[in-house]
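To keep things clear, I will list the structure first and then write my remarks on it.
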Amino acid sequence: MKMTYFYYLLRSTYQNIRQHLVINLISIFTIAFSLVLFGLYSFGYLNLKKTLEDWRTDFQMIVYLEDSISKSQLNSLRHFCESSPAVARVVHVSKKQAMQRFRKSLGKDSSLLRGLKENPLPASLELQLKNKVKDMQAVENLAKQIGKQPGVEELQYGQQWLRHFFSLMKLLHIAGLGVTGFLFFVTVFIVSNTIKLSFYSRRDAIDIMELVGATRFYIAVPYLLEGIFQGLVASLLSVGAVYALYYYLVSWLRQSFPFLQGMVSLAFFTPGMLGGFVALGVLLGVLGFLVSFKWIRGS
Amino acid sequence: MSSKKWPRMIRVFHLYKSYLPTVAVLQDVSFTLEAGDFVFLTGPSGAGKTTLLRLLFAAERPKSGQILINGKNITSFSRRQIAHVRRSIGVVFQDFKLINYRTVFDNVALVLEITGTPRNEIKKRVWKVLKMVGIEQKLYRYPLELSGGEQQRVAIARALVNDPQIILADEPTGNLDFEITTEIMNIFNNVNAQGTTVMVATHNQLLLQKFKRKVFTLHNGMLQEGVPAQENQ
Amino acid sequence: MSSKKWPRMIRVFHLYKSYLPTVAVLQDVSFTLEAGDFVFLTGPSGAGKTTLLRLLFAAERPKSGQILINGKNITSFSRRQIAHVRRSIGVVFQDFKLINYRTVFDNVALVLEITGTPRNEIKKRVWKVLKMVGIEQKLYRYPLELSGGEQQRVAIARALVNDPQIILADEPTGNLDFEITTEIMNIFNNVNAQGTTVMVATHNQLLLQKFKRKVFTLHNGMLQEGVPAQENQ
Amino acid sequence: MKMTYFYYLLRSTYQNIRQHLVINLISIFTIAFSLVLFGLYSFGYLNLKKTLEDWRTDFQMIVYLEDSISKSQLNSLRHFCESSPAVARVVHVSKKQAMQRFRKSLGKDSSLLRGLKENPLPASLELQLKNKVKDMQAVENLAKQIGKQPGVEELQYGQQWLRHFFSLMKLLHIAGLGVTGFLFFVTVFIVSNTIKLSFYSRRDAIDIMELVGATRFYIAVPYLLEGIFQGLVASLLSVGAVYALYYYLVSWLRQSFPFLQGMVSLAFFTPGMLGGFVALGVLLGVLGFLVSFKWIRGS
């Protein structure tokens, strides 16, 4: 009995697909298109995020030191900064180094510094922040703590710039979630519509099977398998398409806009991601089936 | 009144049915068929023959009244229970109801697949029953590649293949010549002789005359039993 | 041989037709029907009756041979020309071919709408023809809400409504009781008396016996003319 | 005869739509979804473009002047710059003004300028560029011409920055065209699939009409009208949806990210744009019909 059912399932699914090849192709291409859109979006989003995080490693917090700071104060301050979980690296810039830098930055105009008797620039500690620091609050807490240490004259960490950066990251994250959710919704909608219509065109057969004693469950399983099959084929197609599209897009971008070098990368295309795509395709097929089956039951 | 004592029985009590509120299709229809009964159901076009048969295999629900199949009241059955009852009833539909994208073989095999019959057994039995109705050569054709009479014979084969306890045949010979009609009626007779209850809805007066069986006549929604075929003209 | 002299004529020359390379359905079929002829087409199930009719209204193309309708060779017609020829032929299909999502009225009216008949005219003529076949009360029902015989009468009404020059009816009474069958045949007789060529494919020996008309019998793909109904049993 | 046909068309279309309400709703929602996606994309693209062009008005070209420049040379140079079609505004910054600015920019550290005897900073002309300047080439041509004038010591116009900006604009433009084309293709594909499937489910009826003498053209017109109807309803729905989505998105963005104030604007939603949406919807319906009709004819 089990064997008969198994054989029936495979054969029914195969027959359904073969007999409704057009509808199946339509379904597969619709899922594939949705996945391609989704894939391109994911690539774009991940790349943009990566780029922004690369930029961010340039941010630093500068701790200006009082001229009167003692060696032991400096050491303990330095130790304090280094032991903070938000800080990646601490660099000490002496008064002399500060003046050298300033001179360099003035370039030709540095001649006007010639007349100076004493060095007015303060020494400083430059703190590199860690990538995992995700919001403005953490940075400001750190600044407050450091500001309380003895020997600290002033803190500078581009408050405005950082605040914008964090807002932008948050915006990007929320927009990303929103767009992903929306796309997902649209895809399930379209897939379930396609499966609904394919059910619709087989309504007569379904009615007949019920009339000769088949249960709804028995009738439904081959359609579920069909949904899974569609999702599977569609995801493989879309992986290929996304890869090809992205490959050509990236080569073209690199040639046309050399300054984007660091931004565009295909590294993202890992086996795990491929598995995710296939899983997503199958999930869409199954969801589409469930939505349309509910609809069929109701009518 | 256990179901063992009347194992292949149809009992109908005070059945009412109407599709539109104003027109009653069946009015107070009651009858009993014991195991091994053979009855013709006749009456003019639109009399309610198909409706009565559809009520018996639970494709319609009655407005009121009870239908007992093998002692079980199917009017209150769930979908799943109805599916199981239908497996013991072979139905020949007036409009055949074949699945166009399945071959003749697969259309007939469907009934056996549902009950989980082993593959070998299915092949043997489908072939046997197709041979009985004389279309064993068209095994791998699709219904739309068959003539009207050939399609009707596939529908008959499907109703027979599962050795059902009850056979309900709705105008099963409307597209068949008299020779094949006689063969089909002989098949029904044989099955009936083995204890199957058979109900055949038909317009064909020649049938009623040639096979002298019990006749139910529907008229104005009322059922009259045992009216001789000759008076029906 | 102008088409004026034989205005409602069907001429068939050496027609061959087969669906599968090995099996010939029609072999060297030739016949002539003049305007006002009435002929029964008979033969066992699967003999090729439906196939022959389908060839006559160009739903199939022959393997070889010529078909002249009103003197025009339709075997070489374009789609558009075929559409226009069909408007002068009323066909009753063996499987009815009603549009399920149109009412009875709309199914019949369709034929007149295609030819651009004015709305009032359509209403009058559809009602008249539905009354002729006895289903004028079911005007606004959908086909699936009708009994088998009622559907068949809608199909007959549709074939008649356009006053066609030729009527091809494929088993038009398979789902009708003898009383209604007689009425339908009388309608065909009346139409025929006004000059319409009528061809009725049927298994029903009672018809052949009761209405003594010319009979074409198909057997093994060959057509025999004028064989008396009695010898056909 | 004309009246009968007209009546037939309207009634058939109405009947088709009523009898296949589910399929029609599916079709309409699919078109609407595509249009909503398209609309959101358009809003996003136009907004981003506008923002970038706003930023760009900050760009300027600085022409450093030789200390030895004569009054008449300065005037003719100034006139030359002002008459260039690429330049919007010219501001003269004297040596004194330059020093004042420099002092200001040093802030607290300006004390170190106290010891200076002479002013080493050059006078300059600051040129504001016009918005219509679309590419790097034009800017470089202008620079070359100005560089040849007497009294000009050096030109500075953030070559690197500008080059990046123009590349980014070009990238955005091309990506915009690409995404638009892709979206359009996907939409027609989905719509034609939906119409195909709806044809598919009416195949029996179409066959029957042909069998009783209807021409293909006669059969097709109601489906064309149906496609137009779907496109019409879908475009109206999507205009509403895009408006609502965008309205809430914008309010939310403004509250959450005050620095985006200038970026987000609903001005884009003009009557012309609304007409465009409706036209696009109808076009999609018609295209979908044409594609599927060709497909039906073939089979």
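Should a chain be cited, it is by its letter among A, B, C and D, assigned in written order, with residues numbered from 1 in that chain.
The rule is short, and it goes like this: a residue touches a chain if its C-beta (ideal position, glycine included) is under 8 Å from a C-beta of that chain, and two chains touch if they have at least 3 such contacts.
Because the structure is predicted, anything quoted here is derived from the model rather than measured.
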Exercise for review: Spell out the chains that contact chain A while also contacting chain C.
Suggested key: B, D
Exercise for review: Could you tell me which chain lies farthest from chain A when each chain's centre is the average position of its Cα atoms?
Suggested key: C
Check your understanding: So, what's the distance in Å between the C-alpha centres of chain D and chain B?
Key -> 68
Review point. For chain C and chain D, what's the span in angstrom between their mean Cα positions?
Key: 63
Check your understanding: From the C-alpha centre of chain B to that of chain C, how far is it in Å?
Key -> 30
Check your understanding: So how far apart, in whole Å, are chain A and chain D when each is placed at the average of its C-alpha atoms?
Key -> 25
Exercise for review: Hunt down the residues of chain D that sit against at least two other chains at once, touch-wise.
Suggested key: none
**Study point:** Residues of chain B touching at least two other chains
**Key:** none
Check your understanding: How is the touch graph of the chains shaped: line, ring, star, complete or other?
Key -> ring
Point to revise | Interchain contacts (touch definition) - all pairs | key: A-B, A-D, B-C, C-D
Revision key, fill the gap. Chain B contacts chain C in the complex at 19, 43-47, 49-50, 94-95, 145-150, 153, 170-171, 174-180, 203, 205-206, 233
Check your understanding: What residues on chain A touch chain B, complex-wise?
Key -> 1-5, 7-8, 15, 19-20, 204-205, 207-216, 218
Review point. Can you list the chain A residues touching chain D in their complex?
Key: 22-23, 26, 29-30, 33, 37, 109, 111-113, 115-117, 120-121, 164, 167, 171, 186, 189-190, 193-194, 196-198, 200-201, 253, 256-257, 259-260
**Study point:** Of all residues in chain C, those that touch chain D in their complex
**Key:** 57, 59, 79-80, 83-87, 91, 93, 97-102, 106, 110-111, 113-119, 122, 158
